[in-house]
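Both complexes shown next keep subunit A, but they swap its partner, so subunit B is in the first and subunit C is in the second.
Coming up: the complex of A and B.
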């Protein structure tokens, strides 16, 4: 949206402004457990969406990589359990980002040679591998996880006052969003989209397909690593259970529900997920023995199923198709959109969906 | 055109935010009158409940609620709100204050989810007291959360990790049941002195609960002179134990098994394939051995085997009968069948601890933490043995040593006969475990001869239902 003119910038600014007011409007609980969580989950999902939308790679390794970053940070700073190297928080942040990005590049070097379902399976294997690695190496993951991590002064004491962590997460989210959008418009990003659509032709043009995809994977790993850091700041702890298969699937669901073809979908999906996950536990209606608050997962599943059935492009896609239909019904309300023509070159909404 | 699309997206975000705001606001008006009223006579004490309804222990959700609710029904005059335990309890009152259960929280066995649910119950629903959680890692995380929220009170459900009281030491976190290591009390003594094991191997699942559970055996067995030349750890959820079985040395006198759940059944079957019939003089197991499912599937091969735990299904004292009857009256046969399960019983003692604490504090939440430290559970409050708390707010209570015997009830499934009751089992095993002792792990605690726990040689021989 950034590349499309002043209006888009204004809208982004408006959304950020509204988001910035949240701590003055909502309860501390809501700011922390819903909004902050949605923002960092959004960053994790955005790393997946980026790979999927621009590189055509649906990766399940993102949770594994953010787990590496989270665990690395947890072991580098002062904490209960784990290695507790007691570094200052900021060097630890740098160390964690470096380690996780390096691991991501390594994974990318292997996974980028495959495509489609095989890519999915290889990246799933990475996540499972990392989960079992930390489950088994208890000198790193501690007994019952690594607790009470030392946090950078910037985020203060999230338990007493969630606002600083919230603003940090918000700023980071905006930077990630803008950064990834920017990356997609650079020659690197444009070539990546070319690889997504026509790898054979790009190879013929002299592009090193594997290396290009590996670098994209590395970039996404860097973003996932940021999400990993935000998640351990938010939870103030990490254990192998934080990065298990369920979490891997949650991040995939968030990305799919939000819309795998547009970056902003990641945060929309994360917000919907955070709201549903929290409130469905209370407000699930009681229907005989079939449904009730104990079965809130059924509700979450149904809602997500409906979203995906109605709109393969996720919630963001739902808005687009709904708006289109409206425009078609009102003859004067806007010219009917040609599905192919409307997507300008490099718009993943169209090319990815087809 | 694109701008309008983005406008739509933007308004969606705002709209969703407003939905959330309404959800948040709903709670606040209802909180304020309650807070005012608490200051005067009457008023409400808000209790959050936390257990697992997903994950490995998800099937114990209703039994844990049943145990907790039964406490409110028996000791606070509550009435079951419906057939299912999760239908709630109405009309519970302690010291003139209404007890309101603000929610039955559901975690999935991971610490992260347990913390999220704890936050929902304590911060969004504004509970004064939390009862829970269910499993080890969750307990450590909640105890750490408790430390950061000194004004709230936390009573553990049935999470058995030693650290949550011994090491975390949150001054507002209480546990009215023995921990996982305490549950193994008496087995080391039996192995060394009765079965004559001089050297033993141990095998367990490779995660925190078995570390704790096996630590109880190691501490006692080694203190009185036993040696452990080999410890084998298999990943949790392993399907093929053959490579782990072949690691078990053959020149030891016995094997202590700490594998749980469905893995135990697989392990025992494969063990027989590789090593022949199980000699129960040379093998014993932890708390999972007398699990009904295990007895049904492989119980016949375990007849004669020894295990231990904090409950004894065959106990015939009237308090146990009253407890089981109470469950049956409130929730029927199926739930009362889970009465001897540690999950139901742990939450039952937690509810009773809370009620007695509130009574002593005369319904004043501000005095609850102080009064809880001196709560003692006796008689019907703790049918399987009196409970007192130590300086770390950890239960000192009884543990039973049991033998698996051939079927007595005619259902074709072997039964359990309790023959020893060990009183006053404390968390430190007579000083062996301390806040400074190394983290329990694959190789800790070390096997060293030291002062025997006070109960060695002092167990009470019991015989039920003869």
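Coming up: the complex of A and C.
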């Protein structure tokens, strides 16, 4: 992707190696609040980026789906509030993944019949409806959230030692990244890219476009569900407020800032987001009520706006267009469709080299 | 970006199977609709007076949804812009009106403000409601045009990017409104002279503002928009623009001016709706999301860009909301908590049969 073929794997290995050393270099605070958070947010954003990059579908339902996974887990394990069904953590993980993926497939069945901006609106409506659902049904979401979730032994006690959770999140992120890249090379993934670019032609070739989209949505829902589990492990609690529209938009921002057309952009965006989330407050000048340490959403909104205005391909897109300025003439911020098209031109080259 | 199923692109072998599937879905949905009607009739016969009030609640909510969503659908119909900041314009309109009312029209009654009952002593003239309404609406209209001119004019046709831009704006708006107006729920006061409720036949009492002002305003706006779209030159251009923008512009019409006009009207409606909603319900952070969602659902149900669809969609959403909040009780089991699922079912039900909404047409 950024680098091609064998280089891509070397680059991935290098990034993972550096990431694996992080707990020895950085403070526990940094590992937990910046790196772990960036990794799980990256997984959430990756589920969006996958659909967008390979399926041409920008889904805003991903936070809704990860909310379902998180809430399902929170209700299945021992916890304060919610159902507290007191399952062991691992069966609960399985249950949560199943429930959220099933919900995702259901959403996909409805939303896949729409395209483009309709798809975006329908999935946004789904996500917000899920938020309202959990806000209303306090028997599932507790009053003000479900707290003190029982965690699998694997992640230990994140508050005392963030390293186990960090490594878990890192391994999961790598698996998700490699898995989604692998999926995009399978016949299924290639067909998905085909119907992203030429749905009418794919339909004429006999592909069931709607079912294909639905399955892709289901796969992305599975990834979103993983992100939901990581997020409840990280926070050890979940409340309707953590899956509201703001969070939906945050994940969208991460995906867009990283770049909607490159899978690795999800984690780049998430890292930028986590850094901004923590450190922008210190450097934000205080201008009356308008700007200041308390106005993080304004800051991130402006960052988002600037990125969308300047580079629809996000940061990864900026980097690439810098590299390939000669190879690819981009008219002042091409349309998303063009950018998607540009992505598809790059992909066969990578898959060929592999 | 055409629809999922223009007939020409579906392989012929798929058609019979597809047709059967849809008819099966139609049967299921019709059966469900009949069940819902029966359920409402049973509940309604139980307590007709309550049923009348709940129905009126639904109607007035629908009226408000229609005012807000008609602006959303107008902008989309003509320009294919999904204005995700529509909810923010709604809420900002309400807050601006509230601010004006508080600053200029708060006439303290007797008691030097020492009365413990607080606001009850304050009286408001008719102007104290109408002037903020008009001014706030106008300001929102201007803001809308500014948004369109600065952020959307130069990337016409890139619908995803425009949606992202307006999402970014809505994030900034929401945060700035939180900073400027605080997180506490507030409402705009009606003129003190206005009655609080009206008596309807059958000994039904219903809120004056909801029942008369909001419903009346929505009907007037509906009629006005209908006349504007069907009878004026502007409307003719808008309708032509919905069908074929390039052709309209090739005929020598200044499409940019029409776009700005459409955005002005759309934003005006959001602002106007915000003042109505701020008086009828409340103004609080989160109301922007809530009205963006209802606008989305209304136009997804009704079909993007269709005014009639917005009316039907608003009616469906308003009534479902109102009935589900009250009548989702079966014997001892109170399911009103789950009322949002009915809204969801409405959305899914319509989309299952008509992916483009009831009156939607392929873009």
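Quick note on the criterion: the second predicted complex is superposed on the first by the 310 of 354 C-alpha atoms of A that agree within 3 Å, B and C clash if a C-alpha of one lies under 4 Å from a C-alpha of the other, contacts with A are read in each partner's own complex, and residues count from 1 in each chain.
The rule is simple: contacts are C-beta pairs under 8 Å (C-beta built on N, C-alpha and C of every residue); 3 or more make two chains touch, one makes a residue touch a chain.
In this text, all values refer to a predicted model and were calculated from it rather than measured experimentally.
A.B. asks: After aligning the two structures on subunit A, examine subunit B and subunit C and state clash or fit.
C.D. replies: Superposition result for subunit B and subunit C: clash.
A.B. asks: After the superposition on A, what does A:137 contact: first (subunit B), second (subunit C), both or neither?
C.D. replies: So A:137 only meets subunit C here.
A.B. asks: Per the contact definition in the header, classify A:268: touching subunit B only (first), subunit C only (second), both, or neither.
C.D. replies: first
A.B. asks: Of the two partner chains, subunit B (first) and subunit C (second), which one does A:297 touch, if any: first, second, both, or neither?
C.D. replies: Touch partners of A:297: subunit B and subunit C.
A.B. asks: Can A:323 be said to touch subunit B (first), subunit C (second), both, or neither?
C.D. replies: In the superposition, A:323 touches subunit B alone.
A.B. asks: After lining up the shared chain so the two structures overlap, which partner does A:9 touch, if you call subunit B first and subunit C second: first, second, both or neither?
C.D. replies: Neither: A:9 stays clear of subunit B and subunit C.
A.B. asks: Figure out whether A:305 sits in contact with subunit B (first) or subunit C (second), or with both, or with neither.
C.D. replies: In the superposition, A:305 contacts subunit C only.
A.B. asks: For A:121, decide between first (touching subunit B), second (touching subunit C), both and neither.
C.D. replies: second
A.B. asks: Thinking of the overlay built on chain A, is A:90 touched by subunit B (first), by subunit C (second), by both, or by neither?
C.D. replies: Neither partner.
A.B. asks: Look at A:244 in the shared chain and tell me whether it touches subunit B only, subunit C only, both, or neither; answer first, second, both or neither.
C.D. replies: both
A.B. asks: Where on subunit A do the contacts with subunit B and the contacts with subunit C coincide?
C.D. replies: The overlap between the subunit B and subunit C interfaces on subunit A comprises residues 132, 136, 138, 244, 246, 294, 296-297, 337.
A.B. asks: State the interface residues of subunit C toward subunit A in the complex, per the touch definition above.
C.D. replies: 1-5, 9-11, 14, 80, 82, 151, 155, 157-161, 163-165, 167-172, 174-176, 178-180, 289, 292-293, 296-297, 299-300, 304, 337-341, 343-344, 347-348, 351-352, 355-356, 363
A.B. asks: Taking the touch rule as given, give the residues of subunit A at its contact with subunit B in the complex, in rising order.
C.D. replies: Answer in residue numbers: 1, 4-5, 7-8, 11, 14-15, 18-19, 22, 25-30, 32-35, 80-81, 132, 135-136, 138, 142-145, 147-148, 159, 235, 237, 239, 241-242, 244, 246, 264, 268, 271-272, 275, 278-279, 281-282, 292-294, 296-297, 315-316, 319-320, 323, 334, 337, 342.
A.B. asks: Over in the complex, which subunit B residues touch subunit A? Could you list them?
C.D. replies: Spelled out, the residues of subunit B in touch with subunit A are 1-10, 12-14, 16-17, 19-21, 23-24, 27-28, 53-54, 61, 86, 103-106, 108-113, 115-117, 119-120, 123-124, 136-137, 139-141, 144, 148-149, 161, 163-164, 206-208, 211, 235-236, 439-442.
A.B. asks: Show me the residue ranges of subunit A that touch subunit C in the complex, using the header's touch definition.
C.D. replies: Residues of subunit A touching subunit C: 58, 110-118, 120-122, 124-126, 128-129, 132-133, 136-139, 199-200, 203-204, 206, 208-210, 244-246, 249, 252-253, 256, 289-290, 294-298, 300-302, 304-305, 308-309, 312, 333, 335-337.
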